[in-house]
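Heads up: the structure comes next, in structure tokens.
The letters A, B, C and D name the chains in turn, as written, and every chain counts its residues from 1.
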Amino acid sequence: MGRTGAHPGIALGSLSVWPMTTFDLAALRRFVDTFADRLHERKDELTALDSAIGDADHGINMDRGFTAVRGKVAELDDGTDLGTAAKTIGMTLISTVGGASGPLYGTFFLRLATSLGERSEADAEALGVALRAGLEGVAQRGKAVLDDKTMIDAMSPAIDAYDGAASDGMAAALNAAAEAAATGRDRITPLVARKGRASYLGERSANHQDPGATSTTVMFESLRDAVDG
Amino acid sequence: MGRTGAHPGIALGSLSVWPMTTFDLAALRRFVDTFADRLHERKDELTALDSAIGDADHGINMDRGFTAVRGKVAELDDGTDLGTAAKTIGMTLISTVGGASGPLYGTFFLRLATSLGERSEADAEALGVALRAGLEGVAQRGKAVLDDKTMIDAMSPAIDAYDGAASDGMAAALNAAAEAAATGRDRITPLVARKGRASYLGERSANHQDPGATSTTVMFESLRDAVDG
Amino acid sequence: MKKLINAPDAVVDEALAGMTAAHGDLLKVIEPNVVVRADAPRSGKVGIISGGGSGHEPMHGGFVGLGMLDAACPGAVFTSPVPDQMLAATKAVDGGAGVLHIVKNYTGDVMNFELAAELAQAEGIEVTSVVIADDVAVQDSLYTAGRRGVGGTVLAEKIVGAAAEEGQDLAAVTALCQKVQDNVRSMGMALTSCTVPAAGKPTFEIGDDEMEIGVGIHGEPGRERRKLASADEITEALLTPILDDLPFGSGDRVIAFVNGMGGTPLIELYVVYNKVAAMCADRGVTIERNLIGSYITSLEMAGASITLLKVDDEMLRLWDAPVHTPALRWGA
Amino acid sequence: MKKLINAPDAVVDEALAGMTAAHGDLLKVIEPNVVVRADAPRSGKVGIISGGGSGHEPMHGGFVGLGMLDAACPGAVFTSPVPDQMLAATKAVDGGAGVLHIVKNYTGDVMNFELAAELAQAEGIEVTSVVIADDVAVQDSLYTAGRRGVGGTVLAEKIVGAAAEEGQDLAAVTALCQKVQDNVRSMGMALTSCTVPAAGKPTFEIGDDEMEIGVGIHGEPGRERRKLASADEITEALLTPILDDLPFGSGDRVIAFVNGMGGTPLIELYVVYNKVAAMCADRGVTIERNLIGSYITSLEMAGASITLLKVDDEMLRLWDAPVHTPALRWGA
């Protein structure tokens, strides 16, 4: 599941053909494995980014969190609905990551959970709605706005791009999201941080890549590859 | 004064001609200046030797002490007797150097002072007697014996050599002393220290030059050059 | 990386085990990694809890005990603890009079404490929070994360802990903590970086003739890199912005706190204090009490911070009140 | 050289000025550089003095005050003080009941204290001396300088200070100090060297993967250079020789002291203590009290030492007695 569906059809009320990609527990598990793998591989890179303008723990934090998440998600029954699964991810992150990224990524997945509810599958639209709910949770929790040089600057354009491409199907939308996240990550590199630890450096935070925007980009790439792959 | 005397003569009861070199306050002042200069120049070298097998302060200690001694000796009246002058050196060293070298060098000069007494000049023999009294003071105070790898291993052969050459005059005797000090200093380099801080290193103290034996060699060289100079 | 540790992942747990072994009379460690006063909960007493990343020892675990904290929540090194810890701490120390959370102003700490407070309140425990943000190296602004919480936290925990110990209620204790926050200012500097155990290498590179001015307590670079200077110049660079910020002026009475970052020996802190005393005297500021030592650290970083707290008789009385914790002890 | 100092030659004097400014209630500094208890001399009380090179802070100046030292004589960095200091200290604290000199076993310290004791006795003051030589890294021998005095000195000063404070006479206090010396053993190690300010560069070079085992407290190399090891292995390498030397055996009661060398943070000392506690338990040795912190240091050296003192009820009672000094304080 989670690949282009076996029975494509014409979406009601739409002129275009919606590829029948859906997001289900298997896709979510692939996403978690992919993201956890990549965080582990890129742990030192993320920590090095955080050394320059933070406290040298972002890679360590994310790796610790998703190692725990991977274990929890593996334990879930195959019949678990998406809301319960996403809630497990969110709760696990909150309980294991700490720092800024723990509550932020944790809230992201908790809001996803609320939005996905008892669904066992989400179509492109439902996933888009859920992702936007996640983004809003992160924004509320962290009170960061665009250009504060945080993960928001990767997450927000990613979800805008997702919405813009959603009519082309989940795979296309997630591809657009991953590319927009990377663009957002790079766009803010020259900026001076106004939120998070990097803000304490003032002008010295400019011209450094933000660790959180980087891990968020990895998250959207993992999501794309888990669905598309 | 302090050079080969202006009126050389035949020593009574001796077949050889004793050059009439005497050691007086002017010679002592030259000695102090020379030794103080050289300790200052070689401060880092002595401290480096002490870094290897001690606590990295021997050059600093000796320089501090002889800087103070130089000032005190400069203040002495020109009519000051040798005993008083040597006592000033000893007391100043004891009051300013600290560490092992303070009491040891201090005792050396205090014993010299007692031996020289109210003399205003010392001939080669009297100086030899005084130097040996100094050596005995150092040995009593520090309880080191030959081959313990301390300043004793430079001082003791130096004074033996002095005595052996005293009949050739003070200059020759001091020359022999300086050479014997250097030989003693080098002879003990391979040894394992049994006294002082270097002894705490056990076998690791072997094959390092002893700082105190080095400064003692500088002392005898300064004495030679002050008299011979 | 040269450290007396067994494995990067084990440092925090093993240090907590060492604390438990050493100070069983004062504290215990409960799941999930919460240092709790041995006699908690104390009925009718407001519970005082704090927490933050590890690597700042003795803060906060070393301040658990009579007259100071009821519990401390140590996160991973330099990573704020998770809400589960603060929730467990809050429940463990609640004696029915409510619990104050003393939070250092870092995004992570603030969010994790907030989550815990929400959960505790949902379980019926009254929780208040005061955020300490005393670092004058960071410009204060509504549009940023604001100032960091640094040395002032130690003074707040001592004074507020004394008030709770003598039975003041949650509102009074909370107001007092806010008063300390309003009157305390700090600034720090680093001669060297430090190495997060799990990262394995120094957070930043720094030349032999350089220093970082305006650092926090997480091994992060400071506001500015400068040429190494004398202790007097460094003290001026830290203390002048502190004095000017509140501002502290003639007639003011203060507690002066000279703090080592972990790798700086006490002899150097006294050299710094000597200049602090002279500068305060010049401004007519009276140092009523002082604290000199490494109490809020950044692992093995070499460097120091200075904190001044403007006090009144009441704050002084609470400062002098008995305290018995692993790291601060007097009158008991 | 990265230090918070103004000039190498000024460090000791400025640190003493800082101590005076900070702790005027406890101590004063008299010429020639002697830290004296503020209320000295105390009539009828045996005076306890110690001293040694500077660079070991808080030892000894930080231990001057109620229930510990009456005076401390700080020499230049790592250089034993001069007899003038000990003579002035002895005269300043003599309350008619005599004065005990607690001397760490270094040739320089022993000789300078000896000279001072002779001078003081010549002035009619009764002086006794006890030499502390507790470092098991050094083989004990009649033909060498013997063992160094290290961590045991701190415990001796506390216990003996308490005995003097409660009015024990010179003979009793001297015998007690000797008893502490006879029952205390220590050993230390270094991860890094330190830099004597006047020397300007590290005393020894050491690789990133190396450590020195069996170091003293003067930045000197140790008995042996080894590959860096885990905290548990290091603790075993230090504690096993200590346990075997006295020896400490099943049923023995001890004070365990884990000491930082100046540049090692507290979190690491707790990791070490965790292993010390486990090893003592394994041997059936009961840790009755502990002391964990940087109390006898080598400037900014990273490293640690371990000290065990076998105690009886009387020594424990004196350990627990009130002490109020800049660095150690309880019960007061």
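Heads up, the rule we're going with is that a residue touches a chain if its C-beta (ideal position, glycine included) is under 8 Å from a C-beta of that chain, and two chains touch if they have at least 3 such contacts.
This one's a predicted model, so the numbers in the text were calculated from it and none came from an experiment.
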Averaged-CA centre spacing for the pair subunit D and subunit A, given as whole angstrom: 57
Intercentroid distance (Cα basis), subunit D paired with subunit B, Å: 34
Per-residue multi-chain contacts in subunit B, two or more chains: none
Multi-chain contact sites of subunit D, meaning residues that touch two or more partners: none
Category of the chain touch graph - line, ring, star, complete, other: line
Touching chain combinations (by label order): A-C, B-D, C-D
List of subunit A residues in touch with subunit C within their complex: 44, 47, 51-57, 60-61, 64, 94-104, 141-142, 194-197, 199-202, 204
Subunit D-facing residues of subunit C, complex: 2-7, 11-12, 14-19, 21-22, 54-55, 57-58, 62, 191-192, 208, 211, 228, 230-232, 234, 262-274, 277, 290, 292, 294, 297, 299-300, 302-304, 324, 326-327, 329-332
Residue ranges of subunit D touching subunit B (in the complex, touch as defined): 53, 75-84, 106-108, 111-112, 114-115, 135, 137-139, 143-145, 148, 196, 198-199, 203-204, 216, 218-224
